[in-house]
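Each structure below appears as structure tokens.
Two complexes follow with chain A in common, the first pairing it with chain B and the second with chain C.
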Partner chain A sequence: MTEITWPWQYNFPPFFTIQPHAETRAKQLEAWQQLIVEYLKATRQSTVDVRETQNNPLFNNTAINRKLSQEAVLTILEDMARTGRAAPTDKSKNVWEVYWHSLDEWGNMVYNWACSNGLNNSVCTLFELREGENTVDEEFHGLDMNVLLKALKALEIKGKCELMEFDDNQGVKFF
Partner chain B sequence: MDRFEYIEARLFEGENYIKRDKNVKIYDGDDKTQFTDGEVVLTTHRILWGKPGDIPRGLVCLSLHLYYVFCIEEESGGVFGLGGPKRIILNLSPSLPGKRPGPAVVSTYHFLKLSFKDGVDPAFFKALYDAIAAKEWESPSTVATSLSVSSPTTSAKPSGPTVNSKIRSGIVGIERSIEEQHRATDQSISVAFQDLTKLMEKAKDMVAISKAISAKIREKQGDISEDDTVRFKSYLMSLGIDDPVTRDTFRSDSDYYMGLAQQLSDMMVGVLMDCGGIMSLADVWCRVNRARGLELISPEDLLNACKLLQTIDAPLSLRKFPSGACVLQLNSQRDEEVAKNISGLLEENETLTPVKLSQIANVSVLLAREHLLITERLGMACRDESMEGLAFYPNLFLRESAS
Partner chain C sequence: MRRRAGLGAIQKQKLEQVKYREKGSEIQENQFQQMSKQLEVFRENLEEFATKHKNEIKKNAQFRRQFQEMCAAIGVDPLASGKGFWSVLGIGDFYYELGVQIVEVCLATNYKNGGLITLEELRTRLVAARGKAKKHQEITNEDLLAAVKKLRIFGNGFTVVPMGKGKWLVQSVPGELNLDHTLVLQKVSSLGTAWVSNSILMDDLGWTQTRAQSALSYMIREGLVWVDTQDPNETLLWFPSMFADCVSA
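Moving on, here comes the complex of A and B:
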């Protein structure tokens, strides 16, 4: 697990209280979103379970004895959802997918990779994209399956690829 | 019967004849005695009994001092109580030592009866009752004279009768003493309030007088040193406002509130400057009424007057915080000023709680909290809510992003 460089806010007690002052709050939420994304990226996670946040070092700074409440976490995640950087996976809003990049960005990233590797009009399996040797240096290597799928679906709508299923595997054909 | 004594039928000095009746028989308790069909004379001090005609001639007769009698009652005679009362029962206290010889040395009874053949004359009964109640024999002049006239043995009655009449035992006695206490308390209370009412009446005159004096001093400024004037004025001030604005000097409420507002602003400016420029309305109310002394105002009047402060261009104004707390503050105490001040303090202390700020800035905790909230509203502080309570920090979120 990578060592995380915490931002200065992490050791600033007011960071763990949602600020009522609008401007301050905006700055605070922004800082949180950055931190969450950084943290997930560093630990290679893409979901946040609100119910499990209380013991997560991300939301619980034991050094200054402050932790972010569940409501506050929810507030931040909902704010992220507005900008398309997170989405709840269930109605009860307990588990959230957090995107290091927006789905569009992911899609473009995959598409660009495919183009630059001359994979147009050919088919790749999703397994190849996530685990293949060719993608080791790419950011989307090891990306959560569901996130990848959503990104590709968004790409499909734009007409840049087509998802297909064969046997028990899923594949994608880039145009 | 043993309370009777033989004596010549003469009045003591200071003793007065009251009433007489005929055909009277004496009973010792319930027993008949040999003293029948006699004549009874009631005086302010005694009851005399003698054979008809003996008393007017000044012969020896029976005498009973009234101080033996502590209670009398009528006994209804005849069958079924018809024909009115026939007898008077005299309840007697024990005989005192040193009395003159009488018809009996001892008696088993502590009462005797006077039986009237023709029925008890209500007037006689009343006279007897009054004589006992009046206690003529206790008045000093009589005591003195009876001392000189009667033999030392008779008159050497210590305070026996007095004691007997005062000591009342039983529930009645207790009730009476309680009643007496009540009466005394009642009296002292009413006396006390009388004084207060008078003081209230005089208060206005006092104000007028003090004004006149201060005017005179001003006229004679040359003669009196500045020092004296100042001292006198401070006396006046310590008495309170020298001319309180009162409701009855104004025609309408709004005029009254205007006047009050003006006075409020005159009075509170100095006070507010001493107290950090801001004061909760409750404190203001106490201050104002303290200064007014007698012409007190209600909280509502104060609030109404405060609302008018802006219309008279006073240097202070009423301020209601979002939390509902009402304060009177100097206009110089604008939010921006406060916030600047507080953020300076925040920088110095790194973090502040309302309590800590109240100690540093010497204001109440409530106000300190409001001050911090103002600062926060202006984006110059940010909050930290934790187990330890609410604390405030310099707003690094905005500052860091700006730099």
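Moving on, here comes the complex of A and C:
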């Protein structure tokens, strides 16, 4: 696991209790969002399962014996959803996708990579994008399938690519 | 039979009064002239002194303090006005500049400390921001206190809260801190833990539950503290301004 440098708040015990004072809470939520994104980025994850947060070092600082409750995690994720930085994958709101880049940014990243590799007007499989040798150095390498799909769909709406399905595989054609 | 006061006597008395008054104003005039002359001389000397040592005052912290003490001893405040002959001293400018920088530091750290900052942290950050030249580094706590006091003319937005033992907190959010709040801050500062609780205030300061509660809830309302409900015994209130990791972040 990649180590991240924890912000000072992580060792500040009340950081793990949702604050009653509005302004303080806003600062707290903002700090949590940054921390969550940074942590997921460092560990190359795209989803948070609320039910599994209690033993996750991100939400449970054993050194100071403080952890963020499930309700608190949900509060933060819902706040992130309002700014488009996260979205629940189902109605039960247990599993959340967290975007360390916005879908637009992901889309542009893939598109720029395709352009600079002369892949315009040719077809790539999504497997190639996620696991292919050519994308190893790209940030979107290994990106969660659903997140990648959503990003490409956003790109499709802008007319920069077209998603297609063949056999058991999904592919994308860049314009 | 007692004679009543005659007209002559009354007139004589009136005449005397007029003469006294005349003499009085004459003396006053005299004194005033002498005073003006003295002040003139004093002013000239002070101006000469100041122009000669202007740079010294700006650069040397020790010198600046002595100059301040001298001014305090003769009852003048060189910071009181930017106009008039004090402006040639340029000493006001020094403190105004410092004042602006203090405001900047307070605003920049407000997001994490809620508007309370120790004088030490303030000084460390100021010195870091002011650049490496020696004259920028030599800012004393007295300089900071003098500058913050001047900021008070903007209302109660900037106040200094004495913590005792040569420690101060600078408060940069509007909202009066009463004696109880100050006592709470002093308690936290002396404990060195960055947190307090109801029971500490009750045990150490001998307060009633209500008194402790009301002081603490004020501080929550003002956003000066963070609430921590995960201690096994009771709710703790934390001051980011005194939390070491926050101060050095």
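Quick note on the criterion: the second predicted complex is superposed on the first by the 175 of 175 C-alpha atoms of A that agree within 3 Å, B and C clash if a C-alpha of one lies under 4 Å from a C-alpha of the other, contacts with A are read in each partner's own complex, and residues count from 1 in each chain.
One rule holds in what follows: a residue touches a chain if its C-beta (ideal position, glycine included) is under 8 Å from a C-beta of that chain, and two chains touch if they have at least 3 such contacts.
These numbers come from a predicted model, not from an experiment.
Annotation for the three-chain superposition on chain A: chain B and chain C clash.
Of the two partner chains placed around the shared chain by superposition, chain C is the only one that A:11 touches, whereas chain B remains out of contact.
After overlaying the two complexes on the shared chain, residue contacts for A:23 are found with chain B and with chain C alike. In the superposition on chain A, contact of A:91 is made with neither chain B nor chain C. By the touch criterion defined above, A:65 reaches both chain B and chain C.
When both complexes are aligned on chain A by C-alpha atoms, chain A residues 8-9, 12-14, 16-17, 19-21, 23-24, 27-28, 65-66 touch chain B in the first and chain C in the second. Of all the residues in chain A, the ones that touch chain B in their complex are 8-9, 12-14, 16-17, 19-21, 23-24, 27-28, 31, 65-66. Those residues of chain A that touch chain C in the complex are listed here as 7-9, 11-17, 19-21, 23-24, 27-28, 65-67.
The touching residues of chain B, when paired with chain A in their complex, are 351, 376-377, 379, 382-387, 391-393, 395-398, 400-401. Those residues of chain C that touch chain A in the complex are listed here as 111-112, 114, 195, 220-221, 223, 226-231, 236-238, 240, 243, 245-246, 248-249.
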